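Note that the chains take the letters A, B, C and D in the order they are written out, and that residue 1 is the start of every chain.
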Amino acid sequence: MLMVQGLACLRGDRLLFKNVGFELNAGGLMYVLGENGSGKSSLLRILCGLLKPEEGGVFWNGKPIDLDTDIYQADLTYIGHLNGLKDDLTALENLQISARLAGNQVDDAVALNSLAAIGVARCANLPVGVLSQGQKRRVALARLWLTRSQLWILDEPFAALDTASVDVLAARLGEHMSNGGMTIITTHQEVTIHAQSTQTLRLSA
Amino acid sequence: MNDAWLIILKRDLLLAFRRRSDVATTLFFFLIVSSLFPLGVGPEVAVLSSIAPGVLWVAALLAGMISLNRLFAADFTDGSLEQMLIAPQPLALLVLAKILAHWLVCGLPVVLLAPLIGLQYALPNDALLVLVWSLLLGTPTLSLIGAIGAALTLGVRGSGLLVALLVLPLYIPVLIFGAGAVAASQHGMSAQAHLSLLAACSLLSLVLAPLATAAALRISVE
Amino acid sequence: MQWASWSAFFNMGGYAFYVWVSFGLTLLCVVWEVLALRKRSAQALRLSRLLAQE
Amino acid sequence: MKINWFKYSSPQTFYPLAEKMIPWFAWLAAILAVAGLYISFVMAPTDFQQGEAYRIIFVHVPAAWMSMVIYIVMAAWAGLGLALNARLSAMMAQALAPTGAIFTLLALVTGSLWGKPMWGAWWVWDARLTSELILLFLYLGFIALQSSIDDPRRADRAGALLALVGVVNVPIIYFSVKWWNTLHQGSSINMGAAPKMAATMLLGMLLMALAFWMYTVAVALMRVRCIMLERERSADWVKALSLGAKS
């Protein structure tokens, strides 16, 4: 269970938000909505432990995430607006490296399957640098078919995707939730995702 | 668990291999800088061999420094640094792997090339050997300390020059011991003390620098 | 008392230049730093006054 | 419940407090300086070896001491700021750096003004001067790093880490420079040891050093107030203050 209490975030001398708190249980989905610059990405980065909040805390199964960092990080998959891909490596290499960095041993066939799941199997052996923006995004998202972590934090996962891929990804998210996973996403698009419980957090600047 | 360390090492070496020209740049820089001095000072053998230890070491220092920007910059812009920070692995260990890769790619070639340049400076064989040893023991410290500077200046405007300002003063002990070792052997003295001190610096920075670099990365990525 | 006369004092045993420049520079730095900080503080206040009046 | 003392000692309350403290330190500095100057110029006897030129050490040595003390104090504030996430102590570190750099520069310049009549050269690669030069580089690096990072919080933390790395390195650098100096047969006259330290001389240097110290506190407080004003520019208390100051 993820519990968030009284978060405040300061960027420069501007207060992005304060008193943000919520609980997310197994099978839960949460949308984080708000204008550009309202601090959605900053909130997600705080939840990942990449950014220290000005006030408040984030707790994973009752423990603050900056104490039991390793346990939390093993349960966490984060895809930010940066893809985290190396242009000089192939899609397959990128995927395998990121999976192994997260602690999953993955062989070629499994990795290929996950690329195929989101429709970029043909790009498997191409260096990522030559791919289009949408293809790169899909290679990054292919990690979601490999990871076994319970909490997914996704920053605009649907941006730059075609409608077919949006549906595939939405289905994958639904599957994750039905297995007891949790997802926190920001999105601009209307996408139906099935979850046991859905909540919305609106940040206003 | 610790194989994440190996993955990062392999990945960085693979990336360096696919961008071979970048590696060559460091080496050429070392070559050019150390070839400028005879042109500036004049070709007298006595003068050249007396300035050789200092010149070669300073050139190695600068070559190590100009390559520092690349240590984390690409990872920072493409987002793989974020992924490293939230990986369930000790960050200092991953950082150490990156530093090792950087040294293998930018430091080791300089160590191997140095004796050739030393010949141009009319260094005797003993001194050449000490030169290689001193660089071998000293350049890892340069990469380790440099990594702290590279991490601190990540994404900062004018980071190339800033890194020089931050890192060069911290390089001074290595320069003194390294160049001193070669000079000692030139004068027929033992370089043992110098080399031991270099090794001590390396060990100390091996322990402390990855931790400091990891902390700096967390600060810079925020 | 070390000095026979004021001129001996100012002469500093022939080292007048070195001694007085050393102490003079120190004084100069102190005065300059204080003045610069006063100016900086006034400037900061002026800027936030402009911000406040907007 | 852990109370973060530094966090709650907010700029708003510290700003007027500092204003009250500054005159005290400034007056202390002035009184100590007058006493120190009296001793250095009137009471201290002429050095038979160096003549009157040795009187330069009454600024040189205290400036050199302060340059080192300030670096250590700065690193301590910075480390405290990093450990407790305390804004005020990070600001103190930032406020100390320029004063430290000025003292380092003064130590260098007065050192070379002393060196010219003694050694016959403006600059000699003596261990003390060389270490002082490197210390200046360390200060400049700290200031440059902080000023080139826009986000003040990141600037605080990055600067703090650099100061800590520097403080670990300073003894190593000092040792290596000393070692280098002895190997290369440095100067025969050593600055600090040369005049036989008469008690009056030592007293003079101590008083001057204390004067510099008090001055440093006063100036650092002044600077920390500037930093507060600049950082909290859009905060209500600064706006109110600026309107009240002169309208």
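Following the convention adopted for this analysis, a contact is a pair of C-beta atoms (placed from the backbone, for glycine too) under 8 Å apart; a residue touches a chain by one contact, two chains touch by 3 or more.
Owing to the predicted nature of the structure, the values given are computational and were not obtained by experimental measurement.
Across all inter-chain contacts, the pair with the most C-beta pairs is C-D. Centre to centre, using the average C-alpha position, chain A and chain B are separated by 37 Å.
The mean-CA centres of chain A and chain D are about 48 angstrom from one another, to the nearest whole unit.
Note on chain placement: the centre of chain B and the centre of chain D lie 32 Å apart, centres being C-alpha means. The centroid of the Cα atoms in chain B and the matching centroid in chain C are 43 Å apart.
For chain B, residues touching at least two other chains, in rising order: 222.
For chain D, the set of residues touching two or more other chains reads 153, 233-234. Applying the touch definition to every pair of chains gives A-B, A-D, B-D, C-D.
Put simply, chain D touches chain C in their complex at residues 41-46, 51-53, 55-56, 59-60, 63, 98-99, 102, 105-106, 109-110, 113-114, 116-117, 215, 219, 222-223, 225-226, 229-230, 233-234, 238-243, 245-247. The part of chain D that touches chain B in the complex is made up of residues 134, 137-138, 140-141, 144-145, 148-149, 153-154, 157-158, 161-162, 164-166, 168-169, 172-173, 175-177, 179-180, 183. Residues of chain B touching chain A in their complex: 1, 3-4, 7-8, 11, 14-15, 18-19, 74, 77-80, 82-89, 221-222. Against chain D, the residues of chain A that register as touching in their complex are 10-13, 52. Residues 45, 48-52, 70-71, 73-74, 76, 78, 80-89, 93, 97-98, 100-103 of chain A are the ones that touch chain B when the two sit in their complex.
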